[in-house]
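Below are the structure tokens for one structure; questions will follow.
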Amino acid sequence: MRQEFFNLELNTNGQRLYEFTTQISKWVKDKEFNNGMINISIQHTSASLIIQENADPYVQIDLINFFNKLVPMDNSLYTHLTEGIDDMPAHIKSTLTNNQISLSVKNAGLLLGTWQGLYLFEHRIKKQNRLIVLHYLGD
Amino acid sequence: MRQEFFNLELNTNGQRLYEFTTQISKWVKDKEFNNGMINISIQHTSASLIIQENADPYVQIDLINFFNKLVPMDNSLYTHLTEGIDDMPAHIKSTLTNNQISLSVKNAGLLLGTWQGLYLFEHRIKKQNRLIVLHYLGD
Amino acid sequence: MRQEFFNLELNTNGQRLYEFTTQISKWVKDKEFNNGMINISIQHTSASLIIQENADPYVQIDLINFFNKLVPMDNSLYTHLTEGIDDMPAHIKSTLTNNQISLSVKNAGLLLGTWQGLYLFEHRIKKQNRLIVLHYLGD
């Protein structure tokens, strides 16, 4: 059994989906992983991880709009206000999505569907440095 | 350490929850898995995986209704419109739920609660062929 | 490869977030785990598991309020009514969050961000006994 860890740092600049599928694929290739699981965890609670369609960029716009409408940036709705108008909505959006995803590796390739990409979903409006930890456990 | 993969194909016919707990249990039994993890991932972004109550079928009806109300099929709300009125809502519902779940196997049995079942949650309204990949890693 | 299981029972008393990060950390320390994955699964469908900020308790209040507003306890909205006014909303909230989370262990420590804690999110209003199963797979 083999285990490897990798710290992936992403700089974000506002509410968007930031794809990092290729960074993971590159890691799998560089390390010559064959079969195993990769646990992917974001070390923050105001951004999240999602698997989404990587074909039409309009999907991402609609996602961001939907979540902004569902969880409005409106101070009158919340009591946790000290970190900015976008902070409590960011925590809620993070809870509605995921902080952690496990991906399988089979025959040296990531097990993702044809149209699936892996994204950091940034919920804060100002620049952030985000840390995602990749952990491989396999052969 | 032992690893096994299995492609589970499910044909869906409209917005419903499709249980596949027994297919996984059968796989665990046939392969004589003892202790390990099964990573379950759906290779699509317009259907999802959830663990829900398998006792009262009304739970499933209420779930479907809730998600349809929360994420309406209304073209005026979205910009991604090319694949049908139900497609963008399906992507959003998939983001609000899960594409991936890890289940533990202990003493040759799936670690699920008494009332828990594993479901494919189909968000599209027309017939679909769905691929779920099961990946076992254990002893 | 080493595997261990642990049944963690939590008694809940109403809709709140119950942190159990220290119980997991203690288990990791007691068992002298070094590198591996912990699959954490709650064996119920009316409570869930989330990773959230453990600094400001107001975050938790806002989360609970948000989910109660999004999924109202109103019998006229649901058909599954036999188990109380809070039961169907609890199933929906569980679907909107998670029943299962995988955490990585690196160099004998849980891979969590500085402000991240692991919580049981109780959606029922009366006292409950909840079972969470921890499953370690690593070296």
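Each chain carries a letter (A, B and C) given by its place in the written order, and its residues are counted from 1.
Assume contacts are C-beta pairs under 8 Å (C-beta built on N, C-alpha and C of every residue); 3 or more make two chains touch, one makes a residue touch a chain.
For clarity, every value in this text was computed on a predicted model and none was experimentally measured.
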Legend entry - Number of steps on the shortest touching-chain route linking chain B and chain C: 1
Legend entry - Interface residue overlap between copies chain A and chain B, same or different (over half shared): different
Legend entry - Distance from chain B to chain A - Cα centre to Cα centre, in angstrom: 20
Inset, instruction - Find every residue in chain C that makes contact with two or more other chains and list them. - result: 1, 37, 70, 96, 98, 102, 137
Inset, instruction - Would you tell me which residues of chain C are touching chain B in their complex? - result: 1, 3, 5, 37, 39, 41-45, 70-71, 77-80, 82, 88, 91-92, 94-96, 98-100, 102, 131, 133, 135, 137
Legend entry - Contact footprint of chain C on chain B as seen in their complex: 1, 35-37, 50-53, 56, 58-59, 61-63, 66, 70, 96-98, 101-104, 106, 111-116, 137-139
